[in-house]
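First the structure, then my questions, so here it is.
Labels A, B, C, D and E are assigned to the chains in the order they are written; within every chain, residues are numbered from 1.
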Amino acid sequence: PARAEVPEVHISKGYGILYLPMIVMEHEKLLEKQAKAAGLGDVKVGWLELDGGNVINDAMISGNLDIAAIGVPGFLTLWAKVKGNAKLEVSGLAGLSATSLYLNTNNPNIKSLKDFTAKDKIALPGIKTSLSAVVLQMAVAKEFGDDNYAKLDPMTVGLPHPEAYTALVSGKTEVNSHLGSPPYSFMELENPQVHRVMNSVDVLGNISLDLVYAPKRFIDANPKLTAAFLSALEEADKLIADEPARAATIYVQSAKAKLSAEEVERMIKDPDTKFSTTPNGVMQFANFMGRVGSIKTKPATWQDLFIANVHSLSGS
Amino acid sequence: MTMHSTMHSILVDRPEIVRDVSRSTVIADVEKPLSAWERLYRVPLLRKGLILLALAVIWEVYGRWLDNPLLFPPFTAMLQAFVTDLGNGIIPARTLVSLQTLVIGYAMGILLAALLTTVAIGSQIGTDLLETMTSMLNPLPAIALLPLALIWFGLGSGSVIFVLVHSVLWAIALNTHAGFRSVSNTLRMVGRNYGLSGLGLVRHILIPAAFPSILTGLKVGWAFAWRTLIAAELVFGVSSGSGGLGWYIFENRNQLETANVFAGLFTVILIGLVVENGVFATIERRTIRRWGMQH
Amino acid sequence: MTMHSTMHSILVDRPEIVRDVSRSTVIADVEKPLSAWERLYRVPLLRKGLILLALAVIWEVYGRWLDNPLLFPPFTAMLQAFVTDLGNGIIPARTLVSLQTLVIGYAMGILLAALLTTVAIGSQIGTDLLETMTSMLNPLPAIALLPLALIWFGLGSGSVIFVLVHSVLWAIALNTHAGFRSVSNTLRMVGRNYGLSGLGLVRHILIPAAFPSILTGLKVGWAFAWRTLIAAELVFGVSSGSGGLGWYIFENRNQLETANVFAGLFTVILIGLVVENGVFATIERRTIRRWGMQH
Amino acid sequence: MSRTSQTVRPAPVGAVGAPADPVAAAVPATPLLEVSGVTLQYKTTDHLVTATYRVDFQVFKSDRYVLLGPSGCGKSTLLKAIGGYLEPVEGAIRLNGHEVTRPGPDRMMVFQEFDQLLPWKSVRENVLFALTTSGRAKGAEAAERTDHYINKVGLAKFAHSFPHTLSGGMKQRVAIARGMAMEPDVLLMDEPYAALDALTRRRMQDELLRLWDDTKFTVLFVTHSIEEAIRVGTRILLLSPHPGQVKAELNSIPPEQLGTAAQAELEARINDMLFVH
Amino acid sequence: MSRTSQTVRPAPVGAVGAPADPVAAAVPATPLLEVSGVTLQYKTTDHLVTATYRVDFQVFKSDRYVLLGPSGCGKSTLLKAIGGYLEPVEGAIRLNGHEVTRPGPDRMMVFQEFDQLLPWKSVRENVLFALTTSGRAKGAEAAERTDHYINKVGLAKFAHSFPHTLSGGMKQRVAIARGMAMEPDVLLMDEPYAALDALTRRRMQDELLRLWDDTKFTVLFVTHSIEEAIRVGTRILLLSPHPGQVKAELNSIPPEQLGTAAQAELEARINDMLFVH
C-alpha cells in the first residue's frame, strides 16, 4: 500500500542562508531517512535550485515541482489565484525561516523613512511585488498609514542583492540605499559610510519570510511523504538549533560558499534569524496584501493557508 | 522571294519564310488569365492572414486542451485581457515607453555599426578590430555589462539603451561587414573609378550594393532589441511608474495574471508583424526587389 | 620589318615595333619585396594579438583607475581568479557542461533553420510562413517561452535547449533565406538545368551560393546562443552540482566574487575568440575566400 | 506546319512564303521543337516589357538553328523560354510534342552571362558536376568526357582554377565545354563565342561542327555575327528589333560553299533584311 | 623612348625595330601614358598567376590605342592596372609622368563584365551619377550630356529601366554611354562591343570616332576583332598568349583607306602575327 505514493519527489530550494533547513535536509538526506522510516521505501529526491518567485510558481503550476520553498508574498499570490481550482490549488506545508531585512543607506542625511527624497534610490531584488518590496510597503504603511503604503515605491529600483551591495559600498552609482537580507545587509554595515535606517524585525516583528508549499493534489495523494517531509524539516531545524557550527559547515560545503564557517555560524546565531516550521506572521502579509488589493481572495485564518498537519502549531 | 533549299545529309528540307513585320505594329499587352484561386493566392496579405488565423486557432485549441490558464491561457482569454488593457490605455502607454527606448537604442546601434564597419572596410587592422570585438563581445550576456552600465549610465533608460545597443550593434555590424565584403569587385572598381573612396565609397556603392545583407542585419537587430528590452526592463529596474512593456509583463507575471502577460507578448508580436509587413516589406519592395537584387 | 608611318591629323608618328617573344620563355615568378613592417602587418594573428593586448591594457588601466574591484576588477585580478579556477578544474568542468548544451541547441537550431528555409524557398506560402513566424516569434524574449518550455520539457537542459533553439533559429533562418533569395538568377537557372529542384537545388546550388550570408547567420546565432545560455541557466535552475558557466557566474555574483564573475565571462570571451579564429575563419578561408565570393 | 500555325492566328500574319509550295511536302510530321505564337513578357515593379511577340518557328532534329537579331530583340528571352525558365503569356512551346514546363538536362543551356559557372567549383568540377548531377554520365566516363572537353576549349592548364580567377573569355569557354560535355538532345547556346578572340572563336566553331558530325545533336545558337550564323547554322531565324517578331527564316549554305560567292550573297541578303527596315 | 626602356632591361629584349631610325625622332618627349616593363600577377589561395610579363608600350595624347590578343592573355588585367586597380609587381605605369597609384575619373573604364552598372540606379541615373559624383559635369549640363549619350546608344526608351531588366547588349551600351559621357582624358574600354550585333556595333564604332573627332580624347581599347582593331585604332598592340608579352606594336591605316587593299593587307599581317607562332 505504501507504494501508492510517488517514488520520486522534486523539491526546489533557493539560494542563500534563508534556505539553510533545505540545504541541511539535502545534505543529510533527512527526507530519504524519514520516508524510509514511514515505510515508503527508497524515495528518490531531486533537488533543484531556482531563483525568483515567479519561476518557482511557474514550475509548480506546470507540474515540474512537488515541493518548493518561496517567499511568503509569492506564495500568497499563487494561493489566492488558484483557490477553488481543484486541479491547481496549493497549500503551505510549513514555515521555513525568518530573518531581519535591513534598510541601509550611505546617505548621511537619512535617519528614518521620512527622510527619503525623490533623489534617493532604494535597491530591491524586484520592485513592487517581491518579498523585500512588500516588506518595505508594510513598513511604510506602518509609518505613513495604509493609504500611503506605496509612498516610497517611486524611489525603489530593482537590483539583485549582490549588485545592490556593490552599488551601496562603492558609492559610485545613484543607488544609495538597499533593503537587504543577510549576509549582504550585515556586510554593508561593515563599511563606515553605510548606516542602518530600519530593521524589519523592529517594525513588523520577527515574522516568517519564507515558507514551504506544495500542490494540494500532491499532498492528498502523498500524505505519508508529506508527513515525512515535515519531520525531515523539523529534524533539520533541530540540527541547526543544536549544532549551529555543523550546520554552518554544511552550508559552506554544499553551497560552495567562499564565506568561512565561522561567519555563517554568526549569521545563524543572529537573534533575528529563526528557522522554524511554525508559520509566524503570515497573516500580517495576507492582511496587508488583501487590504491593498494585491490578492483578491483573503484567507480568514492562517490555517486556511496550511495543511492540517501544522494547524495545531502556534502559528499566526 | 528567293527560295533556297539545301540538303545537308540528314537535315529536314523546308522552304524559307519571309514576313513583313512592319504591318503588325499593334502589340497589345496580353495578360494570361488567372483562375480565381490563383488570383487570391497572389494577395500577400490574404496568404499571411490565413497563416495568422491558423496560428491563432492552434493557440486557442491547445490552450483549451491544456486547460491551465495560469500557465498558458487560450487565445481568446489573452485577447480579452489585451482588449481590456488596450481600452483603458495601459498597453498603449507602456508600449510608447518601450518604443521610445527601443528606437533610441536601435538607432544608436545602427549608427555605431555603420561607424565600425566603415572603419573595418577601410583597412586590414580595422577588419581585425571588428572581427575581434565582435567575436569577443557578441556572446556576452547583458549581465556582463551591468557593472559598467551602472557606473557609466546609472539606472533607468541610459543603461537600458546601453544594453540595447550591445544587443543590436554586433548583429548589424556582422551582417553589414559581410555584405560589404561580398560586393562584387567590379562594382567596387566602378565606384573608385568615379573618384570615390572611404566614406563616399561606403555610402554610394557599398551600402546599396550590400543592402540585402544590411536589411537582414536590421531585421535581426530589431528582433533582438525587443528581446533585450523586455529582459532589460526587469534587470535594470525601472523606477516605478516609468515602466514599459517589459515591466507590464513582469508585473502581471508576478501577480500571475497570465492572460495579461500574454497580452503584453501579443503586443510585441503585433508590433513585430506591423514592422515587418509595414516597414521592412516596403523597404524591400522599394529597394532590393525593385533593383532585382532579391528574387 | 615593314615600317608604316601614318599621320592622322594630330597623331604622334612613331615606328612600328615587332619582337620575338618565343625567345624570352623563362618567366620567373617575381615577387615584390616587402618591408619588415609590411611583412609583420600581414600576419593576422599578430595584428589580432596586438588588438587583444591593447584591450587588456585598457581593461587593466581602467580597472585600476576605477579602484573598485567589487564592481569592475582590473584585468590581472580577473586573470588570477581565472587561472585559479582553471587550475582546480572548476572552469573546465563548468565550460564542458555549458558547451554540451550549447552545441546541442545550436545544432538543432541550424537543422530547424535549414528545414524552414527549404520549405520557404519552395513556395510562396512557405516564404510567407517563414516571414510571418520570424517577424512574430523572433522579438519574443525567452520568458515568453517559459510556460511552454516547462510544459513540454520540464526543468533542466531540455528547456534550456528549447530556449537556445529559439534564440538561434530565427537569426540563422533570416540570414539563410535572404542569402537564398539573393542568389543570382543565372546560377539558379544553371542548377535547374541540371535537373535539380527542391532539396537538391538547395543543397547543391543555394547553400554554397548563399554561403556568405549563411556564415553570418551562423556567427550571429552562435553569439546569441551563448547569451541565452548564460541567462537561461539561471532561470531554469540546476540540479545540484550540474551547473554550467552561467551558473558559475551567478554563484560567484551572489558571493560577491566579482573577479570570478569576470573570469566566467572571460571564458566566454576566450571561447568566442577561439571559435571565430579557429572555426569560422578557417571555414571562411576554405570556402568563400577561396571561391572569390568575399574580398 | 509552321504555315498552319500561322494561318490560324489572325493578327500578325504577314508571311510571304509559298503556302501550297511543293517543297513544303518534304517537311516531316513532327518537329523536335515547335514554337508557336509565343509572346514573352517581363513584369517588373514599374513596367510590363514585351520581349517577343507571337514568334513561330520549328526546329527539326539535328538542325543547327541560329537566332539572329539586334541587341534587345528577345533572343535570350526566347532561349530561356525554350529552356523552360519562362512561361509564354501566349502561345506554346512544344518539345517532342509535349509542352515545355520546366528546365531539364535534355536542353542544356550555355548562358550569355559570365556568372554561369558555380564559383565554388573548379573548372573541372564545374563540368564534372553537371554531368554527374544530371545523370548524363557517371564515374570514369564522366571524368573522361570532362577532361576531353576541357582540353578542347584549351583550358587543360586551368582545370583546377576557380572561376573567379579566369578571364571573361575563359569563363565562357568553360561554359561551352560544360554544354558540349553534356551531349544533350538540344544544346541552347546564347552568344557563346562573343567574348572570344578571332582564333579561339574559329576553333570553337570547328569543334562544334565536329561534334555535330559525330553525334548529330540539335543546337539552337544565338549570335550577333552574320558570318558566324552562316558558318555554324543550317537554318537562320531573323528577328525584328524590340519586341522581337519573326522577320524571316532562311536556309544557310552547305559547308562546301563557305568562302564562295554564295556566302557573300547570303550575308548581303541577311544584312539587308536586318538593317534596311 | 620605348627603345630605351627596353635596352636597360636585359632579359626579354627581342625587339626588332629601327633603333637609330630617323622617324623615331618624330616621337615627342612625353607620352601621355607610359607602361614600362610591367609584370602583373594574381595571388590566389592556391596559385600565383602571371597575367602579363614585362610589357612595354607608350600611349600618346589622342591615340586610339588598341590591345589585341588571345583570350586570357592579360588584356583586361593590363587595363585594370592602368586604371589603377592593380599594382605591378615589376615595372611602372606612368600617366603624364606620374606613377599611377589609384583609380580616378581621369581614366574612365568600361569593363568587360555585365555587372558594371549600379543595380540600384536606372539607366539614366547610372550615367548621371557618374558625371556628378566624379565632378565631371554638374546640374543641367550633366543632365543634358546624359540624355545625349543615352540617345546615342539607342536606349532613350529604356532611360528609366533598371539594369536587371536589360539584355546583355543593352547593359554594355549603358556602360559605353557612361564612359563616353564622362569625356575623360583617357577612356579605357574592355571589349565594349563584344555583346553587340553587327549593326549596333558599327553604329557604336562610328559614334566613338565622331566623338574623337570632336574632343580628341585618348582611348585604350581592348578587342577581339582584328577588323574592329583596324577600324577603331590608330595604333595596335599585339600580345602573345598567356602570360601576355608584347609581340608587336603596329600603326593602323587612316580612315580613308578602310575597305581598300591596305586594310586587307594589315588584317592578314596581324592574323599571321597572332596565329602563326
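Note that a residue touches a chain if its C-beta (ideal position, glycine included) is under 8 Å from a C-beta of that chain, and two chains touch if they have at least 3 such contacts.
Note that the structure is a prediction, hence the values are computed from the model and not measured.
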Practice task
Show which chains lie in contact with chain C and also with chain D.
Solution key: B, E
Completion exercise
In contact with chain C and chain E alike are the chains B, D
Practice task
Select the chain at the greatest separation from chain E, using centres from the mean of Cα atoms.
Solution key: A
Practice task
Could you see whether A-B or B-D has the larger number of C-beta contact pairs?
Solution key: B-D
Problem - Inter-chain centre distance, chain A versus chain E - centres from mean C-alpha coordinates, in Å - result: 84
Problem - Distance between the centres, which are taken as Cα means, of chain C and chain A, whole angstrom - result: 43
Completion exercise
Cα centroid separation, chain D vs chain E, in Å, comes to 31
Exercise for the section: Can you tell me which residues of chain B touch two or more of the remaining chains? Expected result: 68, 71, 147, 150-151, 253, 290, 293
Completion exercise
Listed in rising order, chain D residues that touch 2 or more other chains are 44, 46, 113, 115, 162, 165
Practice task
Can you tell me which residues of chain A touch two or more of the remaining chains?
Solution key: 58, 62, 163, 166-167, 172
Exercise for the section: Mind listing each pair of touching chains for me? Expected result: A-B, A-C, B-C, B-D, B-E, C-D, C-E, D-E
Handout entry: Residues of chain A touching chain C in the complex
Key = 10, 12, 15-16, 26, 46-52, 55, 58-59, 62, 64-65, 160-163, 165-167, 169-170, 172, 187, 254, 256-259
Handout entry: For the chain B and chain A complex, residues of the former touching the latter
Key = 67-68, 70-71, 146-147, 150-151, 154-155, 234-241, 250-251, 253-256
Problem - Residue ranges of chain B touching chain E (in the complex, touch as defined) - result: 184, 186-187, 189-190, 192-197, 200, 204-205, 208-209, 211, 287, 290-293
Completion exercise
Touching chain B in the complex, chain C uses residues 41, 44, 47-48, 51-52, 55, 66, 71-72, 124-125, 128-129, 131-132, 134-144, 147-148, 150-151, 167, 170-171, 174-175, 178, 181-183, 185, 188, 212-213, 215-216, 219-220, 222-228, 230-231, 246, 249, 253, 258, 265, 268-269, 271-273, 275-277, 280, 288, 293-295
Exercise for the section: Please name which positions on chain D make contact with chain B in the complex. Expected result: 2, 11-18, 21, 23-24, 26-28, 39, 41, 44-46, 48, 50, 53-54, 60-63, 87, 89-90, 216, 234-235, 240, 243, 245-255, 269, 273, 277
